[in-house]
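Alright, structures below, take your time with them.
Heads up, the next two complexes both have chain A, just with different partners, chain B and then chain C.
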Partner chain A sequence: MLVLAAALLAGNLYVIAHLADEMRQGQIFRIIFFHVPAASAAMIGSAVALVASVLFLVTKNFKYDALAVSVTEVGLAFLAVNLVTGSIWARVIWGVWWAWDPRLTSALICWILYAGYLILRQALEEPTQRATFAAVYSIFAFTDVPIVYFSIRWWRTIHPQPVFFSKTGSFPAEWGRAFGLNMLAIFLLYAALTKIRLRQEETQREIDYLRRTVHAF
Partner chain B sequence: MRFLGQVMVITMKDLRAEMRTKEAINASFAFALVVLLLLSFAFEPTEDTMREISGGLLWIVFTFAGTLVLNRSFARELPNDCLDALIAAPIPGPALFLGKAMANFVLILAVELVALPVFGIFYNVRWTRQFWPLMLVVVLGTWGLTSIGTIFSALTVNIRLREVMLPLLVYPVLIPMLLGAMRLSALLVSGQAVTGDDTIWFKLLFGFDIIFTSLALVLMDTVLLG
Partner chain C sequence: MYMNAQLPAPVLALLLQADFDPIRDEIGRLQRNFQGLIWGFIAAWVILAGYILMLTMRERRIRREMERLKSMIEESEKK
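Right after this comes the complex of A and B.
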């Protein structure tokens, strides 16, 4: 899966580099091909984390806990990519690295919430307690995520209006294909990284089990 | 009705225990005063500055002081296995949550109602012009702080670095509430009425309180027994 994601990304980079310049924004518009998919991937990731957390609380099966932490950790990285690429774009287009409008602020809050999730996990040593409390926190944290999505519609904002679902934006047809492919590539990358992290969690549990078996804990 | 009776038992127990020693509430008062003092060094309290920062300043003071009370809430139950006794008691988890939350609410509200006049005096702000709307904002915001703080207090009671973990976890989750409360407070403290677009903040506060209180009621048993 990782190979497929890498291949798609490499191919797409070639396509994106050769797209014509956008009228008003110059070269920097190409960053949208990474900025938006990273955000979408992180959003879907946090939804998966919520489902995994709820499923863990209901079934007490640790594979859901492993899924929750893997998805959240990778999501944190992708959200960071989102924030950084957004900052770079903002510096070029708006002249500032950061602006405290609702959309940006909510994305940052999201990032801090999920960092808090990981810090909470670190502070809890007993595996069952760690999984349970992390799941509870994840449910609380997830309620912030809709605010990120809807804030662009609820509050006055300087963030560009969504391009796909509104009448005022414009997105040339030839970009659509490159955008879609890049989106797929980034989602695949997300899935591949999550799988790697999941395997780490499983291995950790196996090691803990073996340790307990030989009373080496 | 029985549920309410159980909630009241917990609330009165906590309030009685707090009133006898007054540890948390004194520390909270003192901390609020210190923060107000420190922040006065940060700004020149002119009319214009105050109009801009009053809302934010007030809610930072309230949140920091509130955290002291919230930390004590479940930490108080640790010695002598009181927490185990509470978990073993024949009251449902939600009743325990509501009881503790209401006790914390009363305590934090008391601290805030003392901090407000002090704020008015130190910063030369006439904050009573929109008194009842301001009180509504204070009550809604404090309930948001309390409900989230209480369940996270239960979550963090047994982990190391509890004093640090509680603020670290609570403040980000509180941000939507703080956003609404700060903007509304800034308007109301400077004497303006809340009109038009700004009423969305009231809806936000209501919605926030309802959503998170429900979530906390549902998850309290998991946190206590997990």
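Right after this comes the complex of A and C.
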């Protein structure tokens, strides 16, 4: 899955490079092919983390806790891609690296909240307490996600309005195909990395169990 | 003539000396635009590659720890 995603991304880079430039923005518009899919993947990941956290609180099954931490950690990397590419895009188009705009600020808060989730997990030793506190925190952190998504509709913002699923923007078919392919590649990459992280989390639990066994001798 | 009437002489002199070159400005804009795109792509790949490197290092650490614990348990059982 990881190889397939990397091959798709690398192959699509050639297609993206040969697309026509956007009329007003020129070449820089191509950042959208990474900026938006990275944000979409991170948002879907945070929704999965929410569901997994709720399921953990209901069932107390640690596999949901493992899933929540895995998707959150990978999502944090993708959200970082979104924020950094967005900042570079802003520097070229707006002339500034950063603006305290509702979309940008809420996305940054989202990143900080989920980084806090990982820090919280590091701070707690006892597995059940760690998983329970982290699940509650993850549910709280998710409240920022709809704010990030709707911020450009709710408030006046310099961030562009959505291109997809809206009346304000449009994307030529050729760009749409390349975008769809990149979206698929990035989602595949997200899934592959989550799978690896999930396996690590399960192995870590096994290690914790073995440590207790060693101490029991 | 109209500008002469509106602008003070020193400002007008400065404007006349100014080097307006729309083609050069456009080339500069396109270069900044392209550099921004390249930096954006590099940043995206570096962040993802950094994270994958982190995952790989963690994987190695976990495997080493697992082997160490298993050998410790085997030794304890032998005793």
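To be clear about the criterion, the second predicted complex is superposed on the first by the 215 of 217 C-alpha atoms of A that agree within 3 Å, B and C clash if a C-alpha of one lies under 4 Å from a C-alpha of the other, contacts with A are read in each partner's own complex, and residues count from 1 in each chain.
Heads up, the rule we're going with is that a contact is a pair of C-beta atoms (placed from the backbone, for glycine too) under 8 Å apart; a residue touches a chain by one contact, two chains touch by 3 or more.
The shown structure was predicted, so the numbers you read here are calculated from the model rather than taken from an experiment.
S.K.: For A:Glu206 in the superposed arrangement: first (chain B), second (chain C), both or neither?
M.R.: A:Glu206 contacts chain C only, not chain B.
S.K.: Under the stated touch criterion, which partner chain does A:Ala77 make contact with: chain B (first), chain C (second), both, or neither?
M.R.: second
S.K.: What's your read, chain B or chain C touching more residues of chain A?
M.R.: Ranking chain B and chain C by residues of chain A touched puts C first.
S.K.: Tell me which partner A:Phe133 touches in the superposition: chain B (first), chain C (second), both or neither.
M.R.: A:Phe133: touches chain B, not chain C.
S.K.: Touching A:Val214, do we find chain B (first), chain C (second), both, or neither?
M.R.: A:Val214 sits against chain C, while chain B stays out of touch.
S.K.: Once chain A of both complexes is superposed, is A:Pro146 in touch with chain B (first), chain C (second), both, or neither?
M.R.: Neither chain B nor chain C is touched by A:Pro146.
S.K.: For A:Leu113, is the partner it touches chain B (first), chain C (second), both, or none of the two (neither)?
M.R.: first
S.K.: Touching A:Leu124, do we find chain B (first), chain C (second), both, or neither?
M.R.: It touches chain B, and chain C stays clear.
S.K.: Quick check on the complex: what are the chain C residues that touch chain A?
M.R.: Interface residues on the chain C side: 29-30, 32-34, 36-37, 39-41, 43-44, 47-48, 51-52, 55, 58-59, 62, 65-66, 69-70, 72-73, 76.
S.K.: Can you tell me which positions in chain A touch chain C when the two form their complex?
M.R.: It comes out as residues 13, 25-28, 30-31, 34-35, 38, 74, 77, 80-81, 84-85, 88-89, 91-92, 189, 193, 196-197, 200, 203-204, 206-207, 210-211, 213-214, 217.
S.K.: Going by the contact rule at the top, pick out the chain A residues touching chain B in the complex.
M.R.: Going through chain A, the ones touching chain B are 57, 109, 112-113, 116, 119-120, 123-124, 128-129, 132-133, 135-137, 139-141, 143-144, 147, 154.
S.K.: Would you mind writing out the residues of chain B in touch with chain A in their complex?
M.R.: Of all residues in chain B, those touching chain A are 148, 151, 155, 158-161, 165, 168-169, 172-173, 175-176, 200, 211-212, 215, 219, 222-223, 226.
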